[in-house]
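The letters A, B, C, D, E, F, G, H, I and J name the chains in turn, as written, and every chain counts its residues from 1.
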Amino acid sequence: MEFLVRFETNLPETMSAEEIAGLKSAERERAQELRQSGILKKLWRVPGRKATVGLWAAVDATELHAALASLPQFAWMDATVEPLATHPQEK
Amino acid sequence: MEFLVRFETNLPETMSAEEIAGLKSAERERAQELRQSGILKKLWRVPGRKATVGLWAAVDATELHAALASLPQFAWMDATVEPLATHPQEK
Amino acid sequence: MEFLVRFETNLPETMSAEEIAGLKSAERERAQELRQSGILKKLWRVPGRKATVGLWAAVDATELHAALASLPQFAWMDATVEPLATHPQEK
Amino acid sequence: MEFLVRFETNLPETMSAEEIAGLKSAERERAQELRQSGILKKLWRVPGRKATVGLWAAVDATELHAALASLPQFAWMDATVEPLATHPQEK
Amino acid sequence: MEFLVRFETNLPETMSAEEIAGLKSAERERAQELRQSGILKKLWRVPGRKATVGLWAAVDATELHAALASLPQFAWMDATVEPLATHPQEK
Amino acid sequence: MEFLVRFETNLPETMSAEEIAGLKSAERERAQELRQSGILKKLWRVPGRKATVGLWAAVDATELHAALASLPQFAWMDATVEPLATHPQEK
Amino acid sequence: MEFLVRFETNLPETMSAEEIAGLKSAERERAQELRQSGILKKLWRVPGRKATVGLWAAVDATELHAALASLPQFAWMDATVEPLATHPQEK
Amino acid sequence: MEFLVRFETNLPETMSAEEIAGLKSAERERAQELRQSGILKKLWRVPGRKATVGLWAAVDATELHAALASLPQFAWMDATVEPLATHPQEK
Amino acid sequence: MEFLVRFETNLPETMSAEEIAGLKSAERERAQELRQSGILKKLWRVPGRKATVGLWAAVDATELHAALASLPQFAWMDATVEPLATHPQEK
Amino acid sequence: MEFLVRFETNLPETMSAEEIAGLKSAERERAQELRQSGILKKLWRVPGRKATVGLWAAVDATELHAALASLPQFAWMDATVEPLATHPQEK
């Protein structure tokens, strides 16, 4: 089942440049793994924002939540999940 | 997978009392079938409104949409669907 | 450039079943043409609603508007368009 | 009487990992007691968020508030409570 | 248990002055009965609007919904119900 | 004239338990005085929140504001005030 | 006591030009009376809309509601009322 | 002074194709006059909608309202006006 | 041209009582100057809040912004500005 | 393609006056470069706020995002981007 996931990440002002760099690198690596397992299908940047729209696929919302919660920046992400049904024209 | 589905039904002013009665009876019958097939698990009335909150279970959003669209009043329903993940305490 | 387009179609109560069928058939045909020309990339159904989320690609918002306005149901559609930027991980 | 309760918990950045672990463990324990007393009937995770949707049963809103306020994380919870009426089909 | 109930009534343009008068008279009568049974405790007018804020008391949301749905204007009312808990200072 | 006043109090994380206890005790005392002077007529707890709905009576909004601003927690309160008119059925 | 009142008037499509002219003329006349009695102090036009912002003065919300409800277009007005307190700098 | 004006025009279902064509032609003509007088500086189409964003210049909101109200479709327009100040970098 | 300006001022928790007193005194003084120059015509207190509604007059939004930005508390104000047109009844 | 970009900049309380001055000077310089390259076409100040409305032109949302993210204050900006289509009257 596909989901449209929108998240915005705001790291705290007190985090050092080094911590941020480490976190972002870990984030990219974990995202790469989620792509390879087929859960993360596509990401877009929301122009002008520290935000992302993505197309995700998972068996259900429980598997999707586990994937999102495995992202290193999850603690600072504000995410919303929208379920998608197959459109008749796509069948 | 479970979904929280909220809908409000507003039939048009021009519909006759007879048409409304027929529609409501067909609605109850179809809901009964959806309960027997396990898709509709529980309904609540939103107090003060012609609205319903329900707990539904389906393989995915496509199956859920088919179930909702099979309700005789679907054309006049304003529905929103929220995906639910299993809570760790429920495992 | 890609766009996320969300629209909901509410045909008037006074429209006959025949008119609706004709309109829906013309809509599918026009959507098929827009897919072939590469403007319409993917559609999803929003579960529980007469609504659609879609991924579209056009040179700019002017070309996108022309494509959307060419849909036979455009007069009864409530649409919103969100611009999407390429995500660094997709490059 | 049943209530749909939605809450989101955001612990402060300054809290130590140890304090958080202690709080979460106390939270699970108190939730378990509320389940045994029949006030907390079911919890779901809102996918992508530090949030929960739950089905609760209490004599009235005063008893429900006492139960929610007894949760160790209550000070950091943003909760909304929606009253539910029995649906005619459930009688 | 007490509830704060807010409703706004918009009768259709096509209703005759006679029908409206009959409906309003029946509404006042039914409200009077609900006051005598202790369910309707107090009503206020929202200034500038065809709307009402009221304090209601019922065993639960099911009894409250039955009371609201028994009002002759219920079909044209847009109502919202907010549950109220007893404040510690009132005990 | 009556007013419906809704407020939510969020004390800062940095306040000590002692300061909070002193503030809450002063708050109850001042509320008691406002009850005796007839300005504060009734308070309810919003279930699940650090929030209150109250029925207040004052000559006008200026007197009401003075009463609210005299509460020791006023600096940390987020309040909204709704004017109430007498309902014809209450006359 | 002063109030800020905002209203927007949308007359039904089915009303004849003659009825509209009569209504608008009666509206101006009644507004003139309310000005003379000191209840209506000042009106502004919201640019681009069939809407008005006004400064009104009345003993309380009950008197204000009576004044607003006496306007011939009241049945088609969507109004909101905001209570105003005297600012310390104005004393 | 410049204003950002956003409007959406929804003509009623009952209007004939001929009336619509006449109205749209009169609209274009009046817009042309407003451009020549310097009040209407620039228009954009909101993609996917029967809506427009425009840059207008007028002495004040009263002159702007007169210009907007002179548009033949004004009765069916839902408009919002945002005042713009000169940015220091533009001086 | 007149403007309705609404602002809410929230000074940071870390500001000392002395700094606050100095700021508030400077604010009153600057407001007094703006009244004398005719830009600030009237202020009201929003009951229950650290907020103000005011009637301002300026040549245009640029002059108004300069006046608002000259207030000593401007850095901590959240302001919204609404343009007002002259109502036909006021002419 | 043109975009309407709205952003509000809130620098943290802890930033020194010197850092702020440096940042603002770098911001003006970068904005000047973006004007020269034709990406930034026009800026307006939103009266009463630390906010800006601007007209930007870029090949697509990806180029626009790169331009916005190159602004020295980007980390503290809350921006929204609206795509604009050419209006038929402008052709």
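Structure notes:
Note that in this section contacts are C-beta pairs under 8 Å (C-beta built on N, C-alpha and C of every residue); 3 or more make two chains touch, one makes a residue touch a chain.
Each chain and its UniProt protein: A, B, C, D, E, F, G, H, I, J = Muconolactone Delta-isomerase.
From a predicted model like this one, the values you see are computed outputs, not experimental measurements.
Shared contact partners of subunit F and subunit J, listed by label: I. Steps from subunit B to subunit G, taking the shortest chain of touch contacts, total 2.
More inter-chain C-beta contacts link the pair C-J than the other of C-J and F-I. Of all chains, the one whose Cα centroid sits at the greatest distance from that of subunit G is A. Remark: subunit D and subunit H have CA centroids separated by 50 Å (rounded to whole angstrom). If each chain is reduced to the centroid of its CA atoms, subunit E and subunit I end up 41 Å from each other. For this pair, subunit A with subunit J, the centres built from the Cα atoms lie 26 Å apart. Here the CA centre of subunit E is 25 Å from the CA centre of subunit F. In subunit A, the positions touching at least two other chains are 3, 45-47, 61-62, 64-65, 81, 83-86.
In terms of which chains touch, the assembly is arranged in some other way, matching none of the line, ring, star or all-to-all patterns. Every pair of chains meeting the contact definition is listed here: A-B, A-C, A-D, A-J, B-C, B-D, B-E, C-H, C-J, D-E, D-F, E-F, E-G, F-G, F-I, G-H, G-I, H-I, H-J, I-J. Across the complex, subunit C is touched by residues 2, 4, 28, 31-32, 42-47, 52-53, 82-90 of subunit A. Across the complex, subunit C is touched by residues 13, 45-49 of subunit H. Residue ranges on subunit F touching subunit I, taken from their complex, read 3, 5, 7, 12, 14, 61-62, 64-65, 68, 77-81.
Remark: subunit E residues 1, 3, 59-62, 64-65, 81, 83-86 touch subunit D in the complex.
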